[in-house]
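Below are two complexes that have chain A in common, paired first with chain B and then with chain C.
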Partner chain A sequence: MSDTVMTSATPSARRRPRFGATHIDMSHGAGGKATHNLIEGLLVPAFSNPALDQLSDAAVLTLGETRLALTTDSFVVRPLRFPGGSIGELAVNGTVNDLAVSGATPLGLSAAFIIEAGLATEVLIGEIAAMAAAARRAGVAIMTGDTKVVEHGKGDGLYITTSGIGVVDPVLQLGATTVRPGDKILCSGTIGDHGVAILIARGDLELEGDIRSDTRALTPHVAALRQAAGAGLRFMRDPTRGGVGTVLNELARDSGLGVVLWEDQLPLRETVQGACEILGIDPLYVANEGKLLAVVAAEQADAALAALRLVEGGEEAAIIGEIRTEPARMVLMHTHFGGTRLIDMLVGDPLPRIC
Partner chain B sequence: MKYVHEFRNAELARAVAAEIAELTDPNRHYKIMEICGGHTHTIYRHGIKDMLPEQVELVHGPGCPVCVLPMGRIDDGMAVAERPEVIFTCFGDMMRVPGSKGSLLEAKARGNDIRMVYSPLDALRIARENPDREVVFFAIGFETTSPSTALTIQRARREHLHNFSVFCNHITLVPPIRALLDSPDLTLDAFIGPGHVSTVIGCSPYEFIPTEYGKAVVVAGCEPLDILYSILMIMRQFAEGRRAVENQYSRVVPWEGNQQALRCLEDVFELRPTFEWRGLGSIPYSAVKIAPAYAEWDAELRFAVPGVRIADPSECQCGDVLRGKLKPWECRVFGTSCTPEHPLGTLMVSSEGACAAYYNFGRKAIDKSEVSA
Partner chain C sequence: MSDTVMTSATPSARRRPRFGATHIDMSHGAGGKATHNLIEGLLVPAFSNPALDQLSDAAVLTLGETRLALTTDSFVVRPLRFPGGSIGELAVNGTVNDLAVSGATPLGLSAAFIIEAGLATEVLIGEIAAMAAAARRAGVAIMTGDTKVVEHGKGDGLYITTSGIGVVDPVLQLGATTVRPGDKILCSGTIGDHGVAILIARGDLELEGDIRSDTRALTPHVAALRQAAGAGLRFMRDPTRGGVGTVLNELARDSGLGVVLWEDQLPLRETVQGACEILGIDPLYVANEGKLLAVVAAEQADAALAALRLVEGGEEAAIIGEIRTEPARMVLMHTHFGGTRLIDMLVGDPLPRIC
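And now, the complex of A and B:
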């Protein structure tokens, strides 16, 4: 076995991808490799600057002594309402969470609405109310916004874009490069709930199950972790599109270290696992909207876990893995069955297998 | 009984693995082919390779229906999908398979109406809901999926649904196994027989494998413990000097198959004299087409398809991988110009394809065993 072949098959260190697709397809929106290629191949080269080039959940800007976090996110979910939440609630929580996992306390949000002509006013009122309630729960105000209306048939009823600004905790130094071998990886609860809830709510699978989206603001979870682990808190992300598998791959790539997971420690609802088995998709790549992955120094890990479990929505938190020097830049999982397997980044949209 | 956890029990797995190790003759090599792509996927997903002695080698067979479909058939499907009156429906993992002019996913991105379905009955529903459109189902698969296509065609006739048709690419399992066994460079010792295909065809069609070729066959379920246990059953045959067809998946697979499904296949389909398999070439009587009685629902007759035979890319070594001659990573384009994002060969497309399975789950194992060796 020659070294050259293995090198070529090994995920490389940060290498700027060339964007080769002639048309945009759905995989470019799935949060996996294609999305990365779109961002790093088209956007970053054109807009390059130190804040953007970090490619974290929020850009961090320094203003005198203060560090500010700035983030933005668009929400295009279908159906607009689903068990456990709705587009309005997602739009607030999603941006609040991007700030929270950047170690920032949200100061305020903006909200832009693209409304399709023909949308029932009642639906719009419902989503505005959902946003107001979510903002109240997260302790953040919606301070500015915009509305546009597009022709009937040119949108899925309602798209919402929110941006957020927050003040970064001066104690925290978060980032993949601060992660050390031996650090533990914490997951704040069951994975895959949101993505599977949406798949089922779409109704074209003829599957039924009591699975609810996990959408929630993660500010209290971050506060608990910060309190328990202090500067031992090294890295945080909310595994939305692309799921836990994609976030951990980014962590492995950006830290240059190995990520080792224990499958039997992954919090996973039986119903979600069942749906994933039937559909042939891997819960590691399914979106979450109220879960947090954190890397914590080994000495603080147990305290951090205990603190997380006391927060509402963190009861099922678990230590799911750890950072090692090997396999460098890869995510390896010890399967429940007793073997090992590599967890790669998501390629394409998670397509169900046929048999 | 949840039918998931029971068949992933780590403690039982350790016991089975220990017995396999005990039965392994350290001085010989065992080359076992799992025919089914679903098995390949399970083997990698659960890391079964790590639990076997180094003398026991698993080779991936031709049992991924997406992977063995030749480019020309994809081009034919694409030609139908690009017609403005057509709603083209297919299973999810067909969407990324490259034809000579790109994949269906790319055709969809260009604005063609291509929809993913989970069952041919979903395609039939779309046809009912869109009476002014032509709805075509891209049918692929072995005997696992062909009965559901057959039932759908029967139902279309019963409902007098005339805007529905099927582009039939159903294949049969036994002829390619025979072709593999006849290939002069074959070095296999035993087969893990497919589980789901066997629920339809049963175990008796494999009896020629031990009697004519002297190889063991154990039909296995698709959970990791099923596969590990079937390997144990094969190792027992070796230890006892036997070669036979055995059924590990007896909780689902009847020895004589599912008679009702087989009758349905016989009603709707007839054998094609020959069919091209990607990487394996043309194999006689290895696929079916829609029988004359159901010709009205045959998309190949309803629409003119180019029907051109497209050679695989010359750098592609899918055929050698399918025959077990090369390991996926020994192919000259593995991981370089052929990756799951930009597959050249079909083995890199489906999660059941040997190359994609290696690429996604197994690289670390290759790294450990082959590079350090």
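And now, the complex of A and C:
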């Protein structure tokens, strides 16, 4: 069964959205539908090229026999420090993870700083140290950089843009068009921790709770999966801005297949669930910064799960769903209460500046 | 003569400055002494690795037999559009040029946008189009990207960070430690055009003048030099933020040799000179965005100059100085009036947010 499937919706066949807003607003940065419209309505048509058109976490380019991955992300998280991490740690781990889920071993990172005049030097020193420590833990070097300063009132302390290059494993063939009906969907641990930790850290909600960001490098998780699942590893993504719900919607759309989730199987901390209920947000759309979603062939799924659970930060990994032919291009969740509900793309702007 | 020289001052032997400021101010972004103290006092010690320690426009890393160049720059220029260019064009050309002066052929670029909420969509569309056009002209693709949105009042319309990777010419051995006494210093055209165009465009000076930014890709200029000078091509740099004066100071420091300039030979538009006099700034420290400084062995200097002058944007190229053993680690200019003056590193903050 897993070898006969149509992938009618290749990226190039995708209908381009029109970008209708006259001004950019916060929703365009939230990672949901508005962000997609911005990227696919404005950026992709202008820059169109085969690597960009894949819209993956990293562009893959070939150099002789070698495939190189190139990725970039700006980090504008507020506040700069929060329980479990800080902007500097996030900036390194985020780019390391974009390379890792592309099946690439990092060669090096770059870091560009936009500093608001008036920032205390000790804050900057703290973030530089956090970046250096995160890079050391991930086994990657920050090889080049840039610093710019903008006037007080034209920034928010510190923005950091990291880019990374890596060498893609020649054996792996990852991508939405590689997944097959029957494949299992693995999640490496509890969802929503990062986003809720940030919201609580902002202090403008009447919420307390010992929730820490899950920021970490996913390199060892990816290595464990590669070893356990081999060619059965079909797709990986780290569900950051927009959360698990957004990644699975992209997967359904780009594969032309259906994604089925079991709510009972979603790893979710009680404290995060409670906070989400109070805030009226769905943890499926809340950002993670140290979680891996993977699609693995059914035959390798149990071995992959067992391997993932042996890795630090993967102890609570679970098989949360599977790929089916129907409902095509949609994400359907079987709820706690025995019903089903469609998980759509995130609309609106619940969590600005989460990363 | 050109083969016997001591390069006593290797980068690793360089004394690290201490960073003493308690807060970051605009001078730390101006490209002069304060920026150097920030980079070498805070960033380099924390991230220390062989590629970063070179402090070049791009880090060079090896992948098997191949040398790859990785570079990044954030662009925060104000205003977004100015005579002769715009932030989007600058962001592409700047990164293309950092690769070009490293002797690298670009493989691809990334672009990360930090957008202030409230930015008119048409402004964003204009910059995306400018980037696409600049990339097309430079023959390079924008392969991946990121978009973030920050609240109104936490940005300034649009900041763009571009990164690039390229393959370094295996024959070229470029660097400050490669230059030799007797080598000539070539400049590809008039200096200070970009910085003065920006200052006039801001409109807060009582200045008018038909001065346009020189933003352009330097790829053809570098190609012409490589062909004409061969192994006689020793060092290249694009004198952006901090200007020609800063690049030559870095060259003197990192080579351990003396740099001698002839003011008479500096290509300088009368309008730019006039504006600089009124503003009380030295064109040697004013940013360029489409000029190349190169050090070429004396034997190849005339051929290199002739080749450069045949390239569009290189018509006014000149030999502006030479390398000598003395004054070691300093830049000395022979002035119009027959005297000499030391050109030191830029101190203070004459031109914030120039790129």
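We take it that the second predicted complex is superposed on the first by the 337 of 355 C-alpha atoms of A that agree within 3 Å, B and C clash if a C-alpha of one lies under 4 Å from a C-alpha of the other, contacts with A are read in each partner's own complex, and residues count from 1 in each chain.
Methods note: a contact is a pair of C-beta atoms (placed from the backbone, for glycine too) under 8 Å apart; a residue touches a chain by one contact, two chains touch by 3 or more.
Just so it is clear, the structure is predicted and the values come from calculations on it, not from any experiment.
For chain A, the partner touching the most residues, choosing from chain B and chain C, is C.
In the superposition on chain A, A:Gln273 contacts chain B only, with no contact to chain C. Residue contacts after overlaying the shared chain place A:Ala298 against neither chain B nor chain C. Once the two complexes are laid over each other on the shared chain, residue contacts for A:Asp25 go to chain B and to chain C alike. Of the two partner chains placed around the shared chain by superposition, neither chain B nor chain C is touched by A:Ile319.
Within the superposed three-chain model, A:Pro327 lies in touch with chain B and out of touch with chain C [touch as defined at top].
Once the two complexes are overlaid on the shared chain, A:Arg341 sits against chain B while remaining clear of chain C. In the superposed model, A:Ile39 makes contact with chain C only, not with chain B.
The intersection of chain A residues touching chain B with those touching chain C, taken from the two complexes, comprises 22-27, 352-353.
Those residues of chain A that touch chain B in the complex are listed here as 1, 3, 5-6, 8-10, 20, 22-27, 33-34, 37, 204-206, 264, 270, 273-274, 277, 280, 327, 330, 332, 334-342, 344, 347-348, 351-355.
Chain contact summary for the complex, chain B toward chain A: residues 2, 4, 8, 10, 13-14, 17, 38, 41, 44-51, 65-66, 91-96, 105-106, 108-110, 116, 118, 122, 140-141, 144-145, 196, 224-225, 329-330, 334-336, 339-342, 350-352, 359-367, 370-371, 373. By the touch criterion given at the top, residues 19, 21-30, 35, 38-39, 42-43, 46-47, 49, 51-52, 56, 58-59, 61, 63-64, 66, 68, 70-76, 107-108, 110-122, 124-125, 128-129, 131-132, 135, 141-151, 153-156, 159, 161, 163, 165, 167, 352-353 of chain C touch chain A in their complex.
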